[in-house]
Every structure is written in structure tokens, then in C-alpha cells.
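Please see the structure below; I have some questions.
By written order: A, B, C, D and E. Residues from 1 in each chain.
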Amino acid sequence: KPSSNQGSSDNKSLNKSQIEIIQATNPEKLPQVARDRKDTLIVGTTAPNGTFNPIYSGSLYDSWVCSLIFDGLISNDAEGNPIPNVAEKWDISEDGKTYTFYIKKGIKFHDGKELTAEDVAFTFTAICDPNYDGPRTDAVMYLEGYEEYNKDKENKVKEVKGIKVIDPYTIQFTLTEAQAPAIWNFGYGILPKHYYVFEKGNIKKLKDLFLKPMGSGAYTLKNYKPGAEVVFEKNPNYWKGEPKIKTIVMKVTNANTVVQELTSGNVDIDAVGKPEMVELIKQAGFFNIYSYPSNSYGYIGLNLRDERFKDKRVRQALMYGLDRKGFINAYYKGNGQVCNAPVSPVSWAYTDEINQYEYNPDLANKLLDEAGWVKKEDGFRYKDGKKFIIHWMTYTGSKYVESLIPIVKDNWGKLGIEVVPELMEFGTLVEKVYDKREFEMYNMAWSLSIDPDPSGIFSKAQDVPGGNNSVGWVNEESEKLMKQGLTEFNQEKRKEIYKQWNKLANEELPYLFLSYNKDNVAVSCRVKGVNPSPYIDWTYDIQNVEIVDVK
Amino acid sequence: MRQYITRRLLEMIPVLIGISILIFVIFQLAPGDAVSAIVDPKTSAETKAKLREQLHLNEPILVQYKYWVMDILKGQWGESFYYKQPVSRVINSFIWNSFYLSLASFLLSAILSIPIGVLSATKQYSKFDYIFTIFALIGISMPSFFFGLLLIKWFAVDLKLFPVSGMTNPGSTATGFALFKEVMHHMALPLIVLTLGSLAGLMRYTRSSMLEVIRQDYIRTARAKGLREKVVIYKHALRNALIPVVTIFGMSLPGLFSGAIITEQIFNWPGIGPIELQAVNTRDYPLLMGINMLLALLTLLGNLIADVTYALVDPRIRLK
Amino acid sequence: MDELLIIKNLKTYFYTDEGVVKAVDDVSLRINRGQTLCIVGESGCGKSITAMSILRLIPDPPGKIEGGEIIFEGKDLLKLSDDEVREIRGNKISMIFQEPMTSLNPVFTIGNQIIEAIMLHQKLDKKEATKKSVEALKLVGIPRAEEIINAYPHELSGGMRQRAMIAMAMVCNPTLLIADEPTTALDVTIQAQILDLMRKLKEETKTSIMLITHDLGVVAEMAEYVTVMYAGKVVEEADVIELFKNPKHPYTLGLLESKPQIHIDKEKLYSIPGQVPNPFNLPKGCYFFPRCERAMEICKEVMPTLKEVGNGHKVACHLYGGDNNE
Amino acid sequence: MNEVILSVKNLKKYFPIRSGVFQKVVGHVKAVDDVSFELRKGETLGLVGESGCGKSTTGRTILRLIEKTEGEVMFEGKDVYKLSREELRKLRPNMQIIFQDPYSSLNPRMTVGEIVGEALIEHGMANKNTVKAKVEEVLEMCGLSSYYIKRYPHEFSGGQRQRIGIARALALNPKFIVCDEPVSALDVSIQSQIVNLLCELQQKFNFSYLFISHDLSVVKHISHRVGVMYLGSLVELADKKEIFKNPIHPYTKALLSAVPIPDPTLKRERIILEGDIPSPANPPKGCKFHTRCPYKMDICKEVTPEYKDIGNNHFVACHLDGR
Amino acid sequence: MQTVRSVEAKIREEKILGPWQLAWIRLKRNKLAMLGLYILIFMVLLSVFGPMISPYNMETLDLSNISAPPSLSHPLGTDEVGRDVLTRVMYAGRISLSVGIVAVLISVLIGSIVGAISGYYGGIIDAVLMRIVDIFMCFPFLPLLLMVAAVMSDYKIHPNYRIYVVMFIIGILSWPGLSRIIRGQILSLREQEFIQAAEALGLRDRRKIFRHLLPNTFSSIIVSATLEVAGAILTESALSYLGLGVTPPTPSWGNMVNAVTDAYVFQFYPWRWVPPGICIFITVMAINLLGDGLRDALDPKLKH
């Protein structure tokens, strides 16, 4: 039954124990530079692109900028549930196709004008623009009248049918089909129409204002130095209350020097990659470290169009025959875990009740024997006179890959399978895998969205050139379950559906699942109110974040 | 000479056009495009197709080239796929940072390497020579990220003499001389790394061509005139030894603008080096074209300057 | 007499792969103030090296001054510091080198190279120095001197380069002018002009001249005293008139004989037979012995020493003095 | 006498003068300005003249080592300037040059053996095995011992270098040699040896020489005819005996009077030339010599004297014509 | 008379030594150059025979013993998957040495020939060749190399053979610079009189270029070659970023040294990057000593 979601749901499936917080042990070691910086918060980041517009921002880092400056209709809480933001509440119609949002009154943009339904309509219409070339199209594609509006270059169609302003504080969106995850399409920041307004087709106007963004958010952009930093000033009239920190600087850091930046007190918050680095930060003593599984997983893709890999037993044998735990221990040193299904442990759809594929070379050998791959005296397996050689395409510049290669080669070599790795630049690999589909085996990782719907990756519809189902896994049962999951609005029921689907994926192995890694975020002990977790970052409730004195 | 320069400048036009076509074709032939680089479960195949159309990526090379040329003729260099902004603006916002750093390093290494090279030559096989030879070889055989990290550890973390990275203090609003001082403070470490890398080449070239020259008869004449050894070496000998060095100087012109990928990355210097690499990764052709054409132009200019300088340095060379 | 330069037992050796070349071996010379000394001798006998040794310009390695003294105005040049020698070079002693092409720096204009010396030693400013160098070039007979000072060496003819070198050496009015074959590249009229100039310089400033040449005509015209060298050694020395009238050493005789003379026609020129000895393997006795028409047994074994044979005429030959009796 | 081996007609060579940063051409040095003569087989033509008057340039343009500006050079009936590079290259061994400046004409990185021997191999006159003997032979002919074969040019004295240059030219057995001051750097004993050698070779193989020298006594000894150049042009050309006995041009007279005599007791009257030495970039109008000529007349300032035969194969360009 | 004769006779028996033979004789006398040569030979031997002697295979991994510090059984410790660093360093030498040397040979060969021809002939030939050089220098190598890598993978060239292409590419990458340096010098050299002398002798252009002009640019060539050896060894690892270098698990010094990009490895696992770093340095040093010696040996004015 469609629900009217308000506030966090009763669903507490995010396993809190997944988040590990290491408290600062020696706050007094906080360097003087940090102590002296009373009203400025410095957050380490990878360089944003400067596309400071919520409907254009491509990278995570641009979206941080956007979430400081703009507010969306809805937002999400730490558990990954939608929560009200600009919209006080919302309704979803019975058929799941109509979304009505009720906007809180009195929200002001930075220039003091009030935020109304017109602005929301403007924002979503902009995404539908025929000349729109940003990454948000998927958010509006299922809006009624999208095609008409988007295909029309002569400016005959003036509005998108599915976007309807009911009154200044109510807006309604109509979709062509019902989909449970659709709610997430309404989280993007709202652009003030009076500021950004443009003729249909003249989307360039938006681009010209990338570096002069204006929204209703807690902060305003003060200064942007490309490749170096973004500086924000607080919005004293913020509708959720005046922010406590005057200035925020997003300073560009990199993996090589992040530890030095943090420990020398130059940066208050930053993500730290490797466990060894976490160790160094821990020793510094004045950081709280938040460590939790990220919403992603790494896998090996086998081309299921290849006769050899069509055989489930072969896939399973390869899975059993790979010491994934060994690899993860070597590479992540406790900062990762084995993955057995395409869902992250942080998701409410995650389940443990599946085959763990413990390292078992004997079983692997048995399965391969069964599949007809015979080991000859040269130590390799043959079938129909053909040697079992796998050409493995992988990408360069990654320590992950460099550790994985010797282990795969070694492990599968022992099974009698020769692996020939071939490294290429990531973009090349992507083209080969997704566009040309010329591969036997590759490896990559997926970074997932909050909603656990797997159809964006595994559906039959994605089994086209350019589609995400590169391995070509088409399974009737899976199609059925995914469809059910999409149209079911009750989370408990969806959870059950996805449990089944994950079991299926675990059995069928469209991918050889490898690993989950952990994110580690270091937050200086002088910063209060930042509690990063898989679904929320430091920008969450930024107006409540404060800098405190440390003894 | 004026004629020669004019001719060479005119020659540059077809060469640049040729190069632009060449670069364009190579970009098109290189695997992947700006859209295929997007790997996101939220982005469907349809959306990708739409984007391709929007960016003209589906059309034949020639048509795409036409679009690019038309953008150029309109006075802008097209729009970066990744930054969604005019290429000239993107380049402009990074290239000067690279230029300041590279120029400083170029000047520093020229100022250091020439005298060191000269001294190494005049005191061939002395302790001085050995020390700097070894120094130079360390400079070229060790990767720059190693030096970078080492310097950061020593000078930024342990001694706290210099900032770890960046070009200015976070959130700084300094202007004028204060800004200059701030930038210099941040520049020190990357400058050392870059200079160390380029020192060796110049130094060794200077040394070897000095070695050739200091045994010439006219050096003896200069000495016989009673000139001070400094004048003999730095005026009479160096001028003759400069020819290969001039070539290197000419060749370093594009380098002044192209940025140093690794050093800039390690020190988070907001230069163009990492941007170019990123443009390759994201297959941002308009941006790549822009950067490469700029560098091509500078390369041609640098070589022209070197050629003209030969004739100025060595009157025996006739330019035709 | 007022001695300006005394060279005592100078030894300059070259250490090469094949062995030691004793380019100058135990040479002693003296030049008085205002005197012109001519050095003649076989090509390769060490004339230029002797001259360069005076200014300490021997390329080291491979060359080395192995011994002796060079006393100039009472100071041993070989014992001076580099700075002190530099003070003397180009100022008190200047030298005209034998190879004008390679001795001029190809990348500086002629003027530049002359002006530099003037500015250094005469402390003149650039303008005056330029004026002076134009004058100097005119003095050595270079046409369009105003333009030539802006020309590069490769644009000049051999003779012009030579004259530029001469101008450069004379412009600072040295006390001692070492001229290493200064006029070989010049035509006779210019040669005459240059020789005149040198003579004038000598008369006016009491400059002493050490003139290395093999043109016996020039020797006859210029020299007051002549030294004849052979294979790194002095074999004969005498007053010029005495030497031409009364040459003693067989080599000197041969030299005088070989010279074609404009007034005398000969079918074939006389030439000294044989070859200059191998510098790495000099004969034990007199170096000239293998080529000498009047060689004796003793010449093969014993090296003759330089002996006075009257009239200030010295010769190193067993034919003269007592040695030949043994 | 024998057939003509070389004929030079109206040869001109102008060097551009450049100046300024942009190296603009601001004028020309008329290094060789309308020179014509013929040379026969077995003949030696002495060429004397003021230094810088264009003797070396004449020699080099004849061999096409530098390109002419105008005129014609016929060698053995072939126009040197009409040959292709390859044809010219094949012809090279027949016409050689001994350079005035020995040192700069020797490659500092080659041993004497190579310098002298390489062309022999290149032109197929010797092979790797026989070349050494040949080189030694030539070196010894020129008064250099064979033990010098492995040494480099900078290790030699000036005279020795000159002999290397001579050996290099002679080794190829050329029919015609431009001798650009081949003996001026040599001491007299070697000088006589070389002069004798050149004469001997000429007698034996009928060589022709263009013998450029300052040393009139040597020129007189070796030449059959003598040409006198002044400022890029020939001013007088005649038989040796004729020119030394009966010099007509005032410049020739001055030259002859300036020859030093190896006799310190002899003091002679010299014709001292006065006046400005004119520049080849801007030669005076009329007779080029008039600025320095002791006998100059008014006509000399205006009219260029014709270069003509005044009988006895005696060419001269002077308004006085000896009468 | 006698003595002179016999001496001459003795000397006459010797052959005319070519410049290379002379150089070799002189080189042998230069202790430092010989030291360089011996080190180089040692490095070559080590990388050829070292892996054969080692008890470990460069691929044998030991997940129970990762990033272990040097010990008796692993003199240089182990890497991130427990492989023996010493074995890998030795094996990497094969790749890096051959990349360094072959790439530089290619670059020197093309660079000096193009530079010499261009400088010697001048005119149109120079203009054309230098424009080609210009174009090469303007080439966007990153995308080009991506393309090459993709083509190689399309044609299923075995990753192990790609290293030859890499050598070639590095060589091709670096010749234009050298050729401009050489050309610059030749431009000045060809105006010298000895070239006129060579012309007068009727020597073929080939000989003039290779015997008369190029040897006079030797010091530049040698300097650039020594600098490039180091460059090539390091470039190889940069190329692997574009998918062109050696394929893991095959090691190369450049790749191993690259481990230092990890700040942690840099600080705590020095045995993983110091040895390959030292190998590169020693090799470059050796080549430099040898090059310096060779230059001196070929410079007749520097005889001792």
C-alpha cells in the first residue's frame, strides 16, 4: 500500500553496528593552527568541477557544494529513508503515479525572495529542456509529457504536462509508470526561477551562472578557486536556523597527502582511504574516525555470452576457487569484507542468508570436472581440445587490481586455468565492456544508490550496447522479481522480494562478487555535529554543526 | 631574418591546421567517448544516447570537426563536456597557475644549472663535478612523487616550514604583495621538486658543450688578453656553448604552460597538468583539443624562437 | 744591458698516449728592452710552445711546463699567482697567435673582442675604446674599419683576421710583444706596413718584440738578434748581421740556402734532406744528425751544447768548439 | 703550350652584408668582381694581391665550394656550375684545394691518417688495406713522418698542419690544384721541399696550379704566369718574367718593391702606398686603385680602365698602360 | 740513421686504428668509465641470471607473509601479496634495462640522423623535417597511446610482447628533442671550413654527415642518451597507466618504484621501493660514467 512517508520510517534495517566510530584519544594534541581557526571549517575534498548547479553537478564534490547552497524537496536520513526538506510532506497517489509535494512557507532564497512551487516547476522543467545536456535526465524521463516537451525544438510545447503547480505551496508531478524508487528523483536542489529564468532551449544561461549559484541553502558561495578551494559564507537568514559556523572551506586534498594535511591540523574533515592511513590518523589522537561499509561492491564480470561461462558450474567453480578472503585481508587489511551478492551490507535489502562461497579449491575442481573441463598432464584444463584460458581485461593505475591479479592468476592457475591479464586505461575498458561488449572477463565496481532496486544493472532492458547489463545476464525469474520490487511500495514486502532476488543472484552468479570496502572519514574532535554514515555526509544538517573549544 | 620569421609564422598556419586535423582524428580513433565514460547504474542506455546526440558524438568525424572549427571561428574553443563551460575559460582558470610554477622553476633551474654546468666543465673530474653529477643523476632517476612526499614529510610535517599543499592559505583573501608572499610560500616545495627534475638535463648539456668549447683556441686568445677567468668562461666560452642549450630552452616553452601532472597533483597545485589527464580520462575532447592546440602553438613558437636565437647566438649560422 | 725577459732552461712537455713530446727542451733566451728577437726554426720545433709558455697558456692536460724560469721584469712568471699573470697578459705582454681563424671567437664581433682588451687594461669607457679600436684597425691597414668592427671573424679574409689579431695585441702598447708568425697571411705591402708599425711601436714605446717567423726576409728586416731552434732546442743564436753573414750550424746554413730569392732564379730549390725526427724517439746525439751533411761519429752519440764561438755568436754543434776533437 | 684546362669568365662573387636584429641585407662585399683568365695543363698561375682582395674567394668559387654570383667556370670543358651534385662530386678528385687556414680546415675529430686517406677510399683509389701505405707515402712526400698518422690536428704545429692539408690534396692525384697560400705557414726548409714537390709533380703528371701566395719570391719561383688582384679584380696578368721585369700597374710595382730580402745589410727604397684602403663593399668609382695610386690622373677617378692585352700576352688594367 | 729507421719500421707495423679502436683503448684507461661499464655488466648479469638462481618465482605469492620486512629468507622483504622483492627486482631489471637501452638506441638513432640530415642540407629538407619534428612534438601522446593500446588489444597481441612496442614508443617519443639539439649544432658545424674541405675532397654526403659532422656532436648525443635512459625506465611505468607498460604481475623497476605513491608504503615499507629506486639510479649512474668516459675518449683534445 502506498504510504505517505513522513519522518523516518519504522524501518531500522541499517545495521548501526556497521558504523564503527573511533573516538579521539588525545584531543589535547590538536595543533595550534586548528585551535586558532575559530570560525572556519575546512573540509578536504577532491577538486569540484565548478558545475555548481544541482541539475548539472556531476561529481560527488559538486553535489556537496550544491547541498550547502541549495535545498531539495526531500532529503534522506542516516538510514536512507526520505525525509521532508523544503516539502513539509508529500502524497503519493494510489496508483503510485502522482506525487504531490506541500512546500513549507517562508523559505527564502539568498536574495530574500520566497521559494514557491513555481521555482520547483522551473527546476524540473529545466531538466526536461531540449538542450539540456546534464546527467539528471533519468529523474524526469518518466514524467508525463516529457517526450513532447523535450523533442520539441520549435518552442511549441510550453510546459511539461506532468509538472503542475497547484498553488504557490503545492506542486504535483505525474509519472507515466509507478516505480518505488521514483521518490528519489525529487531530491535535487531547487533553483530560484527569478534568478535563473531562461527561454526554453537557451540552457546556456544556467551554465553562465554556474559560478554564481543562488539557492535557499545554509551557505552562500563566496569564492571559488578552480582546483584549489571553494569558500562558503553562512546564510544568516537560513530557514532552518542560522548556521553556527561562519565560513566553510572545501579545500582540495589528495590521497598522497591527506594524512599530512589532517595531522598538521590544516583540514578538519576528510575521507581517508587505506587502513594504514587510518592507523596514522588514529595515532594523531584528535580525530573521531567514522568507519563504515560504503554503498558499493567490487566484482568480476564474465561474459555470459561465452559458451564456457554460460555453465553455472564453471562460474561457481571460479567463485569457490578464488581466495577472496585472502585477497581482502591482503589488500584491505580488515577494512573490507567478502561480497556474495550485489547489494551493500548497509542497505535494508541486504541479507546474510546466502551461500558464502568459502574458498574451496577441491569443490571448484569437482565442479569443473563435472562441467567437462578435464585436467591434462600439463596442469591445464581442456574441453573439446580447447585449453581453458581466460583473457582478463582490467584497468590500470589501481593498486586493487595490482593485488588482485597475482592472486587470481595463482588461484585459478591451481585449478588448471590460465589467466592472461591485460591492463588498459579505464575509459578504454568501459568502452570495450559496455559499448562493444568485447571481453571474456573484466572487473569493476558498482557504486549504488540508496534504493536497492537492481534493475538498472541486471534487467534485460539493460542488455543492449551501452546498457549496464554488460555480462548479458538474462533470467526470467530475476526479471519477475525486479519488476515486483519496483512496483511494490511497502518496504517490508520489498525487502522480502529483494531477499529472494539476492539469493537468486548468489546462486546464479551473474558476476563473481568480490568485495565490499569501507569508507573512513576523519572528523576533527573540535567539530561537533558531523556524523557521517553511508547515506549522509558532512553537509547533512550543516546549520547545526559547530566548532567547539578543545582543551 | 624578418623575412624568415614572417615565413615561418605563415608556415605555422598550415602546420597548425594539419595538427588540428591530426589531433582530432586521433581523439576520434581513441577508444571511448565522453558518454561511455559515465558508468552509473542510474544512467540508462537511453540517457546515454540522448547525451551523445546532444554532444554530436554520433556524427561522422568530419562533421564533428566542422563543429569544432565553427566554434573556433566564433572565437571560443567550444564547450568542455566535463566542465560544461567554454574551454577557454577552463584553460584560463588553470593554466596561469601552472605557468607561474613552471616559470619559476625554469628560471631557477636556468640560474642554477648553467653556472653549475659551467663549473663542472671547468673543473672536470673534480669533487664539485662529481657531487653535482651524482646530484643530477639522482634528480633524473628518482620519480618526482618520491621527492614530493619526502619534502612534504620533512619541511611541511616535521619542520612545519611550508604548507603541505595548495597555492594559497585556505579561504585566503590576500591580494597584492601579501598574495605574492603567500603564493611563494606555497610554491617553495613544488618548485624544488620541479627544479630538481629539470636541473639535470640543462646542467649536463651545459657541461658537455662547455667541455667542447673551453679547449678552443679562441679561449686561449681571451686568456692571453688578460681577461679574468670569469669573463673568459662566462662571456667567451658560454656564448659558444649555448647552442644546444638554446634548443632546450626553446623546447621548454610549451612546458611552461603544460603543467607538471605529478608534482601538481601531489601538492594540489591548481594547475593544468592534472586537468589534461582528467580530460583524457573523461574523453573531454573539446578541452583536450583546446589544450593540445595551445601547446602545439607554443611548441611551434618555441622552436621558432630557438631557431632565431641560434642565429643571434652564432653569427655563422645562416637562416634561409 | 737592460734585460726584459730571461728564459732559463725552459722545459715544456706534452704527455700523449704514445709518449712524451718534449716540445721545448731546455731552451734559454733573453730579450732586452726595446730589442727585437727573432726565432726561426723548423716547423714544429717548439717556437710557438715557447712563446705560449711565457704567458702560461699551455693546455694542461696534456701539456706541462716541467722546469725552468721565465723572468720578466725581474719576476719569475712561473711562480706568480694566476691573478698576477692575468695582470701581465694582454697588458705588458701581448701575443699574436699563429692561427687567426680559430684564435678569434666566432660569436663576437671583431670590435667587441678588441674593445674588451682596451677597456680592461686601459680603463677607458666604451666609446673611447671603440674609437681606439677603429684606429687600431686602421693602423694595421684594414679598410672600412668602422664596419669591420661590427663584422664577425668568419666574414673576414685570412689576412684581415690576422690583422685584427695584430691590432688586438698592439692596442694596449705592451712592453713585450710576442708575434707568432704575424705576417704569414699577409701580402707584402701589408706586411711591410705591419712591420713598419711594429718598428714604430718599438721606437716609440721601447717595446721589445719576440718575433717568430720563418720568412728570412722578415728576419733580416726586423731582427736585432736571432735564435735558431731545432727540435725543441736552441741550436744557434747571434746578432742578425753576424748570423746572415756567418751562419755556423749546418741547419741554419740549410735554411738560408732553401729560401728562394726574388732576384735569383733557380731550377730547383735547395732543401734539407730527411725528416724531422720522431719526437717520441729522439736520437741520442745531435737531433739534427740524421739530416746533417757534415755529420761525424761523435754527433751520433753526444748531444752538443750551446757554446759561444765569438762575437756573441753561440752555436750547438760539434763542428765548432772543442768537442769535435774527441 | 698545352690545352686549356680551366677557363674563368667574368666570375663574380658578392657577399651580402647584414646588420641589425633582423639581419637585413644592407649591401654587398664584392669579393670577386669580374675576374677572367685561363689556365693550361701543366701551367702554374700565380695569384698575388692585397690580403682581402678576393684571392681565396676566387679559388673557392672556381671549385664551387661557395656558389658564384655570376660568371662561368669551365673545367676540362665542363661548366662546373651546370653539373649535378653527383657529377661534381665525381669530378672533385681532379680539382683540389689546399686551404689557407690549415687548422680550421681539418676535422678536429679525425686522425691524420683518416683525413688524408678517406677520400682515397671514397673515390675507390685505395681500399682499406692499401690505404695506409698510400697515406704514408704522401705524408712523407710532404715532409711528415708516418708516425704522425694516428695523431689529431690539434697536436701539430702550424706548419705541420699545413702539410697535412697539402698531403690531403695531393693524395688524390688531382689535375688541378688551387693552392691557397700553401707554404706561407711553413718554414723555409719545408717550404722549399713542398715547392720542389709541387714542381716535380707538375713535371711528372702535368698538374696545373692556381698558386695563391703573398710570397712573391715563391710565386716567382713556381709560376709560369702571374696575376695581380686588387679589390676583387685582376689588374695585371702576364708571364712571370715579363711581370717581374716589366711591371706596369702601379700596384704591382708597389708589391714588388715591398718584398723583404733576406739580407739584413740591404736597405731598399720602397714604394709606400698611401691613402685610404677602399672597401670592397663600396669600391671607388673609376680605377679602384686611384685612392692610393702615386701616379693617379684625373681620368682615373672617373673611368674604369679597360683590362686589355698590351702585347706579349701582358694584360693590364691601367690608364697609364706602361707608356 | 739506424735508430731512426728501426723506430719507424716498428711504428709502421702498427695498423691505422679507427677512431673507435682508439676510443676503446683510451676508454680502457679511464677507471671511472670502466667502473661504469662493470656496473652495467653486473646489472645485466644480475637481471639475466639472478631470477634463475633465486629460490622464488617472481609470481609465487604468499598471502600469509605480506609486506614483510627484509629477513634471511627474503633479503629484501616481500611485497603486498607476499612475493619476494629481491627476485622481482632482478626480474624487473630485464624489462627496465632493455626498455632503457633499446628505447634510447632508437631515439638516438632516429634523432641524430634526422637532426644531422636536417642541419646539413638545410633549405627545403630542413624545413620539411623540422615541420615533421614540430608535428611530432605537438602530438597529443596521451590519446595516441590510448589508441595504440586499444589497437594492440584488438589484435590480441599478447601482453608480454607489448613491451617491445613500448620500447619503440618511448624511443619514438623522445627523438624529436634530440634531433633539434643535433640540428642546432650541425647548423653551426656545417659552416666550418673543414666541411668545405670535405666537400672539396668530393666526399659523399653520407660520409660528411656521419664521419665529419655527427662525431662533433657526440657530447650532446651522449648526454641526451644518458638522461634518456633514466627517462625511459621511468616512462615505462607511466605508460602502464595508459595500458601500455608491462602487465602485472610482471615487474619493472618503474612500476615497483611507483609503489611509493602510496604514502604509507613510502613511510613504512621502504624495502618495496628503495631497491628498485637504487637499481635505476645505479644503472643511470653507470651509463653516465660510461658515457662521460666515452665522450672523453672520443674527444681527441682530452688525451692524457
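Keep in mind that, in the parts below, contacts are C-beta pairs under 8 Å (C-beta built on N, C-alpha and C of every residue); 3 or more make two chains touch, one makes a residue touch a chain.
All values derive from a computational prediction rather than experimental measurement.
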Completion exercise
Maximum distance between Cα centroids and chain D occurs for chain A
Completion exercise
Counting C-beta pairs in contact for C-D and for B-E, the higher total belongs to C-D
Problem - Chain at the geometric heart of the assembly (C-alpha centres) - result: B
Exercise for the section: With centres defined as the mean of C-alpha atoms, identify the chain lying farthest from chain C. Expected result: A
Problem - Computed distance of Cα centres, chain C from chain A, in Å - result: 90
Completion exercise
Note: chain B sits from chain A at a C-alpha centroid distance in Å of 37
Practice task
Please report how many Å separate the Cα centroid of chain A from that of chain D, as a whole number.
Solution key: 89
Completion exercise
dist(centroid_CA(chain D), centroid_CA(chain E)) in Å evaluates to 49
Problem - Touching two or more other chains - residue numbers and ranges from chain A - result: 256-257, 260, 425, 427-428, 432
Completion exercise
Contacts with two or more other chains occur in chain D at residues 101, 103-104, 145, 147, 150, 155
Practice task
Note the residues in chain B that touch 2 or more other chains, in rising order.
Solution key: 31, 145, 149, 153, 215, 217, 280, 314, 316
Problem - Complex contact set, residues of chain A against chain E - result: 255-257, 259-260, 274, 276-277, 280, 323, 326-327, 329-331, 391, 393, 395-397, 399, 401-403, 405-407, 409-410, 420-425, 427-428, 432
Practice task
Under the touch definition given earlier, write down the residues of chain C that touch chain D in their complex.
Solution key: 14, 16, 18, 21, 40-45, 47-48, 98-102, 141-144, 147, 150, 155-160, 162-163, 181, 184-192, 195, 214-221, 223, 240-241, 244-245, 254-256, 258-263, 265-266, 268-272, 275-276, 278, 280
Practice task
Using the touch definition up top, name the residues of chain B that touch chain A in the complex.
Solution key: 31-33, 36-51, 54-55, 79, 82-85, 90, 93-94, 97, 145, 148-149, 152-153, 156-157, 160, 163-168, 170-171, 173, 265-271, 274-275, 280-283
Practice task
Enumerate the contact residues on chain E facing chain D in the complex.
Solution key: 7-8, 11-12, 14-17, 19, 22, 192-194, 196-204, 207, 211-212, 215-216, 218, 298-301
Practice task
Over in the complex, which chain D residues touch chain E? Could you list them?
Solution key: 60, 63, 65-66, 88-93, 96-97, 99, 101, 104-111, 113-114, 117-119, 122-123, 131-132, 135-136, 145-147, 149-150, 152, 154-155, 165, 168-169, 172
